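See the structures that follow.
Consider the two complexes below, in which chain A is the common component and chain B and chain C are the respective partners.
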Partner chain A sequence: MMIFIWILQLICVPALSPLCMGIIKKIKAKLQNRVGASIFQPYKDIWKLLHKDEVISTDASWVFRFAPFIIFATTIVIGASIPLFASFLKNTLTGDLLVVVYTLALGTFFLALAGMDTGSAFGGFGSSREMTISALAEGCLILALFTTALSIGTTNLFVISNAGMLLSTQFFLSTILAFIGFFIVLLAETGRFPFDNPATHLELTMIHEAMILEYSGKRLALMEWAVANKFFIFATLGANLFFPYGIAHSVDTHAIVIGIIVLLIKIFILCAIVGIIESTMAKFRFFRLPDLLITSLILSALAIGLIQMQIL
Partner chain B sequence: MNIFFLQFLLGILFLSIFYLHLAKKNFGAVIAYSIQSLIITLILLTSFLETNSFFLLFVVLVTLVIKVILAPIFFLRLIQRHKLTFSVSTYLNLPLTLIVLAGFTAIAHSQKFLSLTNIIPVHHALLSLALSAFFVSLFLIINRKDALSQAIGILSLENSIVAFAIFAGLEQSPMLQFGIIFDIFIWLVIATVFISMIYRHFGSLDTSSMKHLKD
Partner chain C sequence: MINLLTSGSGFFLLLLFYTLGAIGSLIFKKKDEWANGWQSLFAIVGSLWGIFFSISAFMTGDLSFAAYSSVFPLLSFSFHIDQLSAFFIFVISLITLFCSLYGIGYIKHYYKKYSISALGFFYHLFIMDMLMVVTASNGLFFLIAWEIMSIASYFLVVYDHNDVNNTKAGFLYLVMTHVGTAFIILAFLLMYKFTNSFDFESIQAQSVAIPVFIKNSIFILALIGFGTKAGIIPFHIWLPAAHPAAPSHVSALMSGVMIKTGIYMMIRLFLDILQPIPLWWGITILIIGSLSALLGVLYALAEHDIKKLLAYHSIENIGIILLGFGSALVFISLGNTLLALFGLGAALFHTLNHATFKSLLFLSAGSVINQTHTRNMEEYGGLIKYMPQTAFFFLVGSMAISALPPFNGFFSEWLTFQTLLQGMTSVNILVKSTFVLATGALAITGGLALACFVKAFGATFLARPRSTEVAHAKESSLSQLIGMGALALCCLLFGIFSGYLGSLFKNIGTHLTVFRNISLPPILSSKINFIAPNNFGSVSALALIVFLILALFIVVLLVKFVINRNQKTKIGATWDCGTNLTQRMEITATGFARSIILIFAGILRPSIQNEIEYRDSKIRYFPKSRTVTLRTRDIYRLYFYLPLNKFITTLSVRAKAIQSGSINMYVFYILIAVAIALFLS
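== the complex of A and B ==
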């Protein structure tokens, strides 16, 4: 039974992440009075790219060739290290908050390196922009997640999600403040509005797309899939650490089925919020983005301060 | 009433006042004020459910009509009439504003104000949060340049004082509360007329441009 649950945990992120992208695109299309592509279109796109030939620059080094595999692998490892639908899976090896954050940073590091590797102008400025945002977002992410760790008293993500609802305790305000801070980081790290426009290839605005512009075929498929995985990971972290409703606490088929259904509902709600944000607001100018991330940092710092005062 | 439920209500009130500092559009600020007034009405309603005083129920209804319905309508009409979609800038930029807000919240929760926040020891967390809301509202009035945000700041300040008074157990007679709400209504009418006059004279709500009046 446990082996089956672990296999489910491993395949959950890569299997469901393209669906998230499809749902967001569908919501955006509906809000723009378009029919839009099917929610399963990202699966078809990845399948198509996996069957295409690829072109690799003669100037590209091993970094460019291996980066898609490393980035995709990091998202799979993180997918297995975070509580998805069951909190009883005690992963003490990679289930720590800091391990997850820095494994994510490893993926971002290789993504930025790959962007610069071919020596194209687009890749260079894309990497530069990505690193500027990542440097600010990383601290905000750690602070936002530390609020939950401080409230529960551990940095193990499975134990945090197992501890129950922080919202029904004296830490209500701190949890809400930290979640708002976390949500801003989610938008920054996954390249969504108002930080980045995932649908554009305009040189003035693109960040993530600039870095993967040189990729094609199978490697591009892995890059696109990894981006979808990263969004799913962030959405799951937000849903299961700040609102751990419905998560399975014991090895019970009924509880696990409910855990998966509730997870899908929570992820759908987050996708809907992201879709609505992307349809109702414009992308910020690059130099206004630090303001937004500092807002996230202050909100998380405030949440930590409030928790400390309540504990004392 | 369950302390966690009251903490939840006060948390929403604090967040709505916090949002007033982030809001760039006047419409959002007015809606945030409406939400925080609704929270105050709900807190007063919980007091009524505990005391069963019909005077208090009357105060709840008047608060609902004046603060939740009439005041936002006044402001929304003002926004529509003068096309005041965006609020005028602040004296401090956003990061500095947020740092100051974090500082005020920390001070309100510190030992310095223990004599105030420990009036009722069970309500210590609630009183600290109400005091934070008070400081954050006060800073809104100081930091914003436009008259509309300042007016909303004054009303938020009044809401935080009401919240603090309720949780500190400072019982006021319903007639006094009714008088305060009537006062707010009159102030609201005068403030709206005054804001319109500023707009007509200067073409904006930027109060910093009023320094030209000395010429």
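== the complex of A and C ==
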């Protein structure tokens, strides 16, 4: 039973993440009065790309060739280190908050290097912009997650989501503040509006697309898939740390089925919010983005300040 | 043998190796190869012996001995090696070993240009005195060792003396280090005044007798003195000048080890000798640590001299070490010794880790500079194709210093974060807000360091060459590769065995007097896991590494050999928008960091200066040349050192008035001075 649950946990992120992308695109299409592609289109895209030939630049080194695999692998590792539908798994080996943050950073590191590796102007500037945003976003992410860690008294993500009563206790206000802070980071790290436009290939504004511009074939598929995974990971973190309702607390088929369904509903709500933001908001000017991130930082710091507990 | 390892003679043997190395290299003044061989051999043998000795000293513990009774009453050449000292001997020896290995190949390019024997002499003197600094148990003896260490390192900084920048940097270093030493001497004299002793043990025994005000003054004096050596902001200005000037294997030692002697003495004084301490000491150190970490990395981002960039990162990492150490002090004053022990463990672990990855980075940067003959990152590019191994080692170092798993930097930063988190649970509002600030600073530092090393690695090794020098670059020699490879391996191994190392750091703490009388639950770590106190969190290095590698392996296997078997990979040119790709289309280090610099414009004060020269000065339509100069201004120089300099200069001009030049006048001054002295007594 446990082995089965672990396998489910492992494949959950890569299996469901393209669906998220499909849903967001569908919501955006509906809001723009278009029919839009099927929500399963991202799966077909990835499958198609995986079977295509590819072109690699003469200037590229092994960093460029190897980066997609590393980036994709980090999302798999994180997928197993965060609570998805079952909080009883108690991964004390890698299920730590900082492990997740810094493993994500490992992916970002190679993504930015891969962008620089081909020596194109697009890739370089994409990397520069990406690192500028993620340098600030990483700090905001850590502080936002620390709010939940301090409320529960542990940095283990499974234990935090297992305790699951943040909203009904004296931590209500700080949890809400930290979630707003976290949501801003989610938009920044996954390259959504108002930070980045995932649908653009305009050289003046693109960030993430600029870095992966030179990729094609199977490596591009992995890159696209990894981005979807990253979005799913962030959405799950937001759903399960700040609103840990419905997550399975015990090894019970019934509880696990409910856990998966509730997770999907929560993620769908987050996707809907992101989709609506992208349809109703314009992208921010690049140098206004730090204001948004500093807002997130201040909200999280405020949230930590509101937490009263005594160990010392 | 066993006897030798666990007694004072073992340590004297260690010093003897370096003495022989120092004197021996002077003998081979004419033969560069011999001098190189001699000094490298003795440094390697000495450091190997140092590693063995420090491990056995670590196991046996307290070791006190004196060289010989001196004729001066207050000075005694006495040593005391406890676990803390043994740990620092280990760090010094470990880094010396790999730097000396690297040196065999690296020194060759100085043949015929500079005196190799002088290099060997000062190199050995420098290492020997670092070893004495971390073992001396007498204040005066310590000062002597400290001074020789500073002077020896000064001569190493100005070794490449044909470059006027290096001699300037050396002078700045000499001035700053002596200002620092002056503060240290004052601190020791104050301690002597109230305890009548320079001996560390008796000072410690009588430290209760020191009045509170004096104790606080000693803290401030010692903090400035040792902080100058450690490179804390704002006393850091010598560091980014001096470290790049020295030969690279010496820079590695200076950045990796020498600045840590400042940390060692802070631990020795504040946590060992001067206990008990007030709360604000720890809080001050936390604030200084946060500032150094954050500003260090910001200045590093603005830098495009590769060695200066690394030097600024040393300031950042000293800040991170101080965050761990500062929280230890706060916890001690709040009476929570368990957390204090944990904080000290974080500081010491980061000390060891920073020593390994920083020396690795300096060594690989040295290889690059050696091949390209410039320290300017804008003239690199594409070096990964010419120096693949060096590039790989630099990448390992970059990942370790950016605290990316699975390398060692991540695990010590994890410990530091956990310590700070514990501090945030305090009810004392001052303590809590300090810890929140420190955590925020550390979190942002981590992100900025990542950006900085993407810049450093990307601009140096990736894309296409930006100058012709790169095209002539060749891979480093074998000895250099071994030195760097071993350090890279250390970065990985210290990561994998971080759980085991954690339990050793607990040992260091429990042998300090403050922790000795308290029985502690062994929570710091089990062998496989790191576990934070109060069950706050845990991480297993081994599981993380295995998991990462396994995931990578499976992904590669599935994608390359199952799904995508028959597809072809074509090699083509980078997309060029229809024009010819040149190296000017790549992003530069300056361009890469520009947006972050503009975001932090309030601190970094970037300036832009446009100059256009026209073909025809009247019409001004056709520019002949355009130059854009981007600069960042150093606010410390601007608002602290320049006014100070001005003040001292005006003071000296005023003081010149009494210097008439006539001897009669001077005799008269002496008379007045004697009269005043008599009157006062």
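Just so it is clear, the second predicted complex is superposed on the first by the 307 of 312 C-alpha atoms of A that agree within 3 Å, B and C clash if a C-alpha of one lies under 4 Å from a C-alpha of the other, contacts with A are read in each partner's own complex, and residues count from 1 in each chain.
We take it that a contact is a pair of C-beta atoms (placed from the backbone, for glycine too) under 8 Å apart; a residue touches a chain by one contact, two chains touch by 3 or more.
Keep in mind it's a predicted model, so treat the numbers as computed, not measured.
Is A:Leu187 touching anything from chain B or chain C once the two structures are fitted on A? First, second, both or neither.
Touch status of A:Leu187: no partner.
With the two structures laid over each other on chain A, which partner does A:Phe287 touch: chain B (first), chain C (second), both, or neither?
A:Phe287 contacts chain C only, not chain B.
With both complexes overlaid on chain A, does A:Gly305 touch chain B (first), chain C (second), both or neither?
both
Just chain B (first), just chain C (second), both, or neither: which does A:Thr295 touch?
A:Thr295 sits against chain B, while chain C stays out of touch.
For chain A, which side has the bigger count of touched residues, chain B or chain C?
The larger set of chain A residues in touch belongs to C.
Is A:Phe172 contacted by the first partner chain B, the second partner chain C, both or neither?
A:Phe172 sits against chain B, while chain C stays out of touch.
After superposition on the shared chain, which partner residues are touched by A:Thr118: those of chain B (first), chain C (second), both, or neither?
second
Can you list the residues of chain A that touch chain B in one structure and chain C in the other?
290, 301, 305, 309-310
Can you list the chain A residues touching chain C in their complex?
It is residues 50-63, 69-70, 72-74, 76-77, 80, 92-94, 96-99, 102-103, 105-106, 108-109, 112-113, 116-125, 127-129, 131-132, 134-140, 142-143, 146, 149-150, 153-156, 213-214, 217-218, 222, 286-287, 290, 297, 301, 304-305, 308-312 of chain A that touch chain C.
Within their complex, state which residues of chain A touch chain B.
Residues 168-170, 172-173, 176-177, 290-291, 294-295, 298-299, 301-302, 305-306, 309-310.
Quick one: in the complex, what on chain C touches chain A?
Residues 331, 334, 336, 339, 381-382, 384-385, 395, 399, 402-405, 410, 413-414, 417-418, 421-428, 431-433, 436, 439-440, 443-448, 450-451, 453-455, 457-459, 461-464, 529, 532, 534-540, 543-544, 547-548, 551-552, 554-556, 559-560, 563-564, 567-576, 581, 583, 585-587, 591-596, 598-599 of chain C touch chain A in their complex.
Given the complex with chain A, which residues does chain B contribute to the contact?
Result: residues 4, 7-8, 10-11, 14-15, 22, 93-95, 98-99, 101-102, 105-106, 109-110, 125, 128-129 of chain B touch chain A.
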